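I have a structure here, written as structure tokens, and I will follow up with some questions on it.
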Amino acid sequence: MTSTRLIDFKGYVFLAVLVAAVVIVPGLNLLLPADNPFHIPSYLVPLLGKYLTYALLALAVDLVWGYCGILSLGHGAFFALGGYAIGMHLMREIGPRGVYANPELPDFMVFLNLKELPVWWWGFDFFPYAALMVLLVPGALAFVFGWFAFRSRVTGVYLSIITQALTFALLLAFFRNDMIMGGNNGLTDFKDIFGIPLQTQGMRASLFALSALALGLGYLLCRYIVTSNFGKVLVAVRDQESRTRFLGYKVENYKLVVWVISAMMAGVAGALYVPQVGIINPGEFSPANSIEAVIWVAVGGRGTLVGAALGAVLVNFAKTWLTGAFPELWLFALGGLFVVVTLFLPKGIMGLIGSMDSVKAWTTRRRAVAKPAE
Amino acid sequence: MDQKISPELLYLNDVSVVFDGFRALNSLSLTIGEKEMRAIIGPNGAGKTTMMDVITGKTRPTVGTALFDGGVHDLTRLDEATIAGLGIGRKFQTPTVIENHDVETNVELALKADKGPFAKLFSRRTPQVQERIDEILERVRLKNARHRRAGDLSHGQKQWLEIGMLLAQEPKLLLVDEPAAGMTDAETADTAVLLREIAETRSVVVVEHDMIFVRDLDVKVTVLHEGSVLAEGSLDHVSSNERVIEVYLGR
Amino acid sequence: MTLLRILLCLVALAGVARAAEPQAIFDRLASTKYDDIEAGVGDLATSGLPAAADALSAALDGRLLVAPGKPALFKTPMGTTIDVATNAPAAAGADAGLKPVRVNNRIRRAVATAIGTLTLMSPDARARLRAAESVFRGRDPETLPALDKALAAEKDERVLAAMRRAKAAITLTTDAPEADKVAAVGLVAERGDQDGLVLLRGLSETAPAAVKSAAASAIQAIETRQAMLARVQDVAYGVSLGSVLLLAAVGLAITFGVMGVINMAHGEMVMLGAYTTYLVQDLLRTFAPGLMEGSLAIAVPAAFLVAGAVGVAIERLVIRHLYGRPLETLLATFGISLMLQQAVRSIFGPSNREVSTPDWLSGSLDLFGLTLTWNRVAIVLFALAVFFALQLVLKKTTLGLQVRAVTQNRRMASSMGIRTDRIDALTFGLGSGVAGMAGVALSQIDNVSPNLGQGYIIDSFMVVVFGGVGNLWGTLVGALTIGVANKLLEPFAGAVLGKIILLVMIILFIQKRPRGLFALKGRFVDA
Amino acid sequence: QETIKIGILHSLSGTMAISETTLKDVMLMLIEEQNKKGGVLGKKLQPVVVDPASNWPLFAEKARELLTKEKVAATFGCWTSVSRKSVLPVFEEANGILFYPVQYEGEESSKNVFYTGAAPNQQAIPAVDYLMNEEGVQRWVLAGTDYVYPRTTNKILEAYLKSKGVAQEDILINYTPFGHSDWQTIVSEIKKFGSSGKKTAVVSTINGDANVPFYKELGNQGVKATDIPVVAFSVGEEELAGLDTKPLVGHLAAWNYFMSVDNDANKAFIEQWQAFIKNDKRVTNDPMEAHYIGFNMWVKAVEKAGTTEPDAVIDALIGVSVPNLTGGYSTMMPNHHITKPVLIGEIKEDGQFDTVFETPGLLVANEWSPYLEGSKDLIADWRKPLSCGNFNVKTGKCGGGAKASQ
Amino acid sequence: MSALTVTDLDLYYGAAQALKKVSLTAALGKVTCVLGRNGVGKTSLMRAVAGVRPIKAGSITLNGETIDRLAPHERARRGVAFVPQGREIFPLLTVKENIETGFAPLKRKDRTVPSEIFDLFPVLKSMLGRRGGDLSGGQQQQLAIGRALTMRPKLLILDEPTEGIQPSIIKDIGRAINLLRSRGDMAILLVEQYVEFAHELADEIAVMERGEIVLHGPKSEISEEELRRRVAV
């Protein structure tokens, strides 16, 4: 059972680690000379930043899956939409510095013989508008999708599969050049944001810090939700949806609210991801990406929030390391990791950490149950 | 709008439910008044649970009317949550509780309150709420199990928990499907007492096969058989009915 | 009039033949310019040399050897060398310094037409039919004399009809009398196909009114027929695509649909089946080349056993610890899927493996102008056979009953005396084995590469869920529906947009039927 | 002893592993061979292999790792255009050197990238010319996978065909998604389009996995090369190795290299490759040759510059000329593309190509297509003082600020 | 001699002990009835005997053979049939198929449905094609008993079999249990809350409290009054 305090022990540790990361990572990167053993090389900063955005995506998945039982196999879609929103802004920021030097149109539009900016690109040169879209586009899609799906009582694998269909359809749609979203190449070659080049160390550090901040806030938001009465209803919906209805809860509304919040979180994650990796393309919509996000949560421990974030960072760290260290064998290692986690850590990595709690619980429970019902 | 067009709290008329050609309910008509308690008995498969399904919105009748609160609400058009919100609470035949929540939280979730998502988002457990929970747990004798996972309870304990949740809902109409199943004789008697108390302020429909329990309730009895009413009246009256003996009580 | 022209043609023909001395022809064939070679082929065909036909077909396989100024030779399939000019065996070593005639598509085409004319009188009826067809396509007035001669001698009805049409086609290009042409239009229209249409559409503006109007109505008729055929073809293609989906999905309908394992490694079972086919063929090629034609018949049970055994192993080692935790099967099987892909990549390499199609599955079936390739017809039949066999196993055998009991309530099934662990392993093995058999079929139409399975996993889940989890009929109807819908959309929307529309339709459909096409109904469903 | 690190950035897993793994192997072979010769500048070369797993953002991440962590002197990598686009900013930022070995759509020239594959004019246009002249093709199906390389190529071809008087209704353009596997409808459409009486050909820019089912369907539906020839730009020996080529005899491909090219250099290369990979059935293909050329150019440039320092090597590379495997010399031009011969081959039964046409000389790449509106005035020249990848000859300005030299 | 002997059984749910040194016997041709208030461990004891819940300590023997380490299906093969509390019908199998799951431990030639099942529960016969999950609660309970009898058990475990069943059929079940007892080839272990019913049927009675057996003996030694007192609140 989840603890009811807003921030429990694990939460404090988690937030403390985040705060430390915000101070230490950019600090060690910017302040120490490159030959110092504690120096964090520049390439690591956006890499770590990327992990944090994945962690935020994992939180979003865990919120709906861990607490409300909605197994989304399409959360990558919201992530990608958030990414595209910010990517569109970054494209507009390039201005006349594109290879075709068109002040108005991004290169790929010139290339497609476009004469003027498509309507849906309007306004993206204005950062606040783009930022709003980061929330609104995934939010609106989630709202429309959720409105119909939850009202129609699509549940379980049926819901999972149509979320997958959703992201797959978007993959194909964004893939089409007729969408004027850059086709298969997507959006890339970004230059700067707020006039500051994306490649400067300061910018990298800021984006990293921003990702950490977003992750922290995301965590607090999730904790707030799951520890509120709303969260208790969510768990009830997860375990006994039908029974919950008979208690007078409009289950579809609960699902819709948490679904939209989660989609927006994923959108923010995507928006922070794109400037740090420098590209957004339809590949982000691929169903495999969404499944991977679910895998991170499962590895870390479903329904634990901290575990989801931890899982995302660990799996991706493992992937980074293994693809470099064992380029020909890493799939065995990663695949094996997933199997081992399921077999030996049924509650994910958090289950392992949590077992310390359970030792405590064990002793107390033993006393309580020693005498059954009076 | 909220004009009551009849005095009954619950009004079922000519309700039929057909599953693949099988008539689980067959032109069933039944009314329950305000603050009335009614016992419903009848053979296995007579349609008692199905009737409750119709009232609570779980099953849509093939034909027929189901009105609530003096005809103001048409139950056949509302979903389960709305019906529950109108004040119809239900205890299921096989006890169903929220297994992963503790006993306390199960009761808390059932408590009468604004059950919209935003209201719940901004609310936490207050001392008043705690008090109310304690009161109910006291009544169903689960105070010592308050922090146990509901799924770990024994069968009978779950039955009690469900009754507690029903109390917490403070519904106008309680539908109680086999409350005494799996309870000891003493507990059964206690349940009867509890239901009689409740019926002083609310309407109650009880389904039971335990005749001693039904006798304890001391209310009008309706006998269902093959989806429609076979007999109605006091327990003594119906149990002397030949047909009732033949199809239900046995010799 | 006609007679006169034929006579003239004959004279001209003879003239050509006389004009080109064999050595001049051979020199042309020895050129490096395709223009020359093409002319040389034409010359050889009309040279009247007895070895012309054999020499020409030898040219296609690089067996016709030439060099400027030297006599041309050709090698028979038996390996003997023949002098083209004399049609007698050549002296040993005569081929020194000779090179095969250069051929490209253009030369191949010229040779085909030439051989066509030369084989109009072949004793083999099928060869004559092919020849008539090639004359129809060539529409070369110069072939008319040969054609007429052949017509006079022809007995076979089918060949006769084809030759008449070929003649009609030629007639339309000449300035034959109006009545002949109108009759020719009728004959050409008989074909009712695209080729006929092309010919009729191509009639010159200057053609007489009667011919034009006859052609117009013939065109109309053919077009209507073609349009209808197009729809029928879409549906047929849809059924074919649907049966591919069915095959890919039906194993999943067991491991996921019946057992509830979110089996992300399903695609890899299909892939293992395809690789088994490759291995079977590889082994046969080295040890029993005579059995190659039957390779698939061996591969099907082999693939079932291989994939089934891997499935049993996976179940025993991993899945069995996860019952009651269905969502975690997703994680574990995803891991297994990664490992299997990499294992195959490490063993067989990352690139495609060649799986050959036996001759009896090559080519296509022509049904009233509808082209259905044999391998796809076979896949439709195979998919249905697999489906009904499975249906039988699940519905009519004790195993089937026990499988369903175990998946519905494992603990109670055990209490009833059912050996749940054995049933679990068998069921997972069965589902995996069926996936393996699907792999055999897919090896005939798709890449045999480590990624093969990834291409089908999403579609498979889509089909099973769309059809309704736990219902095999749903998988059948779901697969066919998706296949046909896809193929009906494709001509209008294109492949990409068509697929998008289809996905959106599936999403909308699930709103209407939240538990799929063949939903389980009843009080237990969400009790 | 100090070593020089060489980055190898090719997918070893995921959808692109099919094509890219071979390129990793060929690089390992070239490096090993060079080390046998004593390395470069007296130092041994050390390959650093990473797996970007066919995941485009991962390409960028791995590129950064190679450049900043491993500090490689040069990187050989990428296949798809999107992977190149994804790593491009990284190479520019870190001032690295990337050799890109695959034919692509052009419309790009970066200071830090050396394009050893063909630009559209080095592959597509000669192929179309051949079909027009030799086969008398009048009607064209442009079929491709829906992404930028096929789209651009087709756009250029469309413009080119129209300039040659081909009517709009004689051009059919069709796009399919990556990995498309059900070709029934499209092949039958092609057949229909091709039976109008005019000679028809298919120009295929279908990429990757989709080719095998496409050719299988072509074969089975009886589309013969003599009726409707298909000329492909992305199907080489490696792709054919996974196919039963009997029904495909006569279909064409246009490349800058075929394994069947008969000369000593190529023979030696093939032998070396088969010995290295310990399999005498393994084939060679065009992108492998591109890496062979690129690697030798890099070695030569480093020796010329006397250092592996990027700016010096980048400058030294221009003008470097090394033997290619088709019997000539390829030169690195100021636009960072190389000169190439164009070969047209017909598929033979053994999965090899029979060269039916070869351009008389080497072609210089048009990195900016003269057939496209936005780029017809652009040129790239990385020699000083111009040092610009997109110089507009009309306005006299270097287009993108970031692309200009600092 | 006793068919079933349970000695010093301990059973835990996680850290919570549900059975403490429980010992019990059940003899062929006898009905052994276990009573007790809610949550005292009756169901846990039945689960332990049927094998669906592992035990921590103690032993279970059936006709002299130790069965406490055997899987449930092995016990079923040795003649243990279990009618669990909560029925546990296979919801998607038809009534007929539910009954046929009882064939699993039988030899092929014995795989017939005993006719007494339909005599006892005629409703099942009329609903053979209906899915188990669609049945009413009482019908499911009847099905669960019928399914267990199909196995021709040597030890029949009935956990509150009358729950949810209409009075006339409760009487029938009583008669059926009497019949089975009189055949003498079966030991019957019965959990009941319904004291009158239990007292009428039982040969041996055991009363549980807080995971322990506090009273165990032949019916003749325990009056209905005492029983009632024992299980009162």
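A few notes on this one:
In order of appearance the chains are A, B, C, D and E, and numbering begins at 1 in each one.
Keep in mind that, in the parts below, contacts are C-beta pairs under 8 Å (C-beta built on N, C-alpha and C of every residue); 3 or more make two chains touch, one makes a residue touch a chain.
Given the structure is predicted, the values throughout are model-derived calculations rather than measurements.
Least step count on the touch graph, subunit C to subunit D: 1. Number of steps on the shortest path from subunit A to subunit B, with steps defined by chain touch: 1. Each chain gets a centre from its C-alpha atoms; the one nearest the centre of all protein C-alpha atoms is A. Just to note, of A-D and C-E, the chains joined by more C-beta pairs in contact are A-D.
With centres taken as mean Cα positions, subunit E sits 76 Å from subunit D. For this pair, subunit B with subunit C, the centres built from the Cα atoms lie 65 Å apart. In whole angstrom, the spacing between the mean C-alpha positions of subunit B and subunit E is 29. Remark: subunit A and subunit C have CA centroids separated by 45 Å (rounded to whole angstrom).
With touch defined as above, residues shared between interfaces to two or more other chains in subunit A number as follows: 172, 175-176, 242, 328, 331, 368, 373.
Annotation for subunit D: residues 12-13, 146, 177 touch two or more other chains.
Taken residue by residue, subunit B touches two or more other chains at 19, 96, 141, 154, 157, whereas all remaining positions touch fewer. Residues 19, 22, 42-46, 48-49, 93-94, 141, 152-157, 159-160, 178, 181-187, 190, 209-211, 247-251 of subunit B touch subunit E in their complex. Remark: subunit C residues 262, 264, 318, 321-322, 325, 327-332, 334-339, 341-343, 346, 454, 458, 461-462, 465-466, 469, 496-497, 499-500, 503-504, 506-507, 510-512, 514-516, 526-527 touch subunit A in the complex. Across the complex, subunit C is touched by residues 50-52, 71-73, 76-77, 81-82, 84, 88, 90-93, 97, 100-106, 131-134, 147, 151 of subunit E.
Those residues of subunit D lying in contact with subunit A across their complex are 12-13, 49-53, 55-58, 60-62, 64-65, 67-69, 81-82, 85-86, 88-90, 93, 107-108, 146-148, 151-152, 177-178, 372-375, 378, 389-390, 392, 397, 399-403.
Those residues of subunit A that touch subunit D in the complex are listed here as 41-43, 46-47, 50, 97-102, 108, 110-111, 113, 172, 175-177, 183-186, 188-191, 199, 277-279, 281, 283-284, 320, 323-324, 327-328, 330-331.
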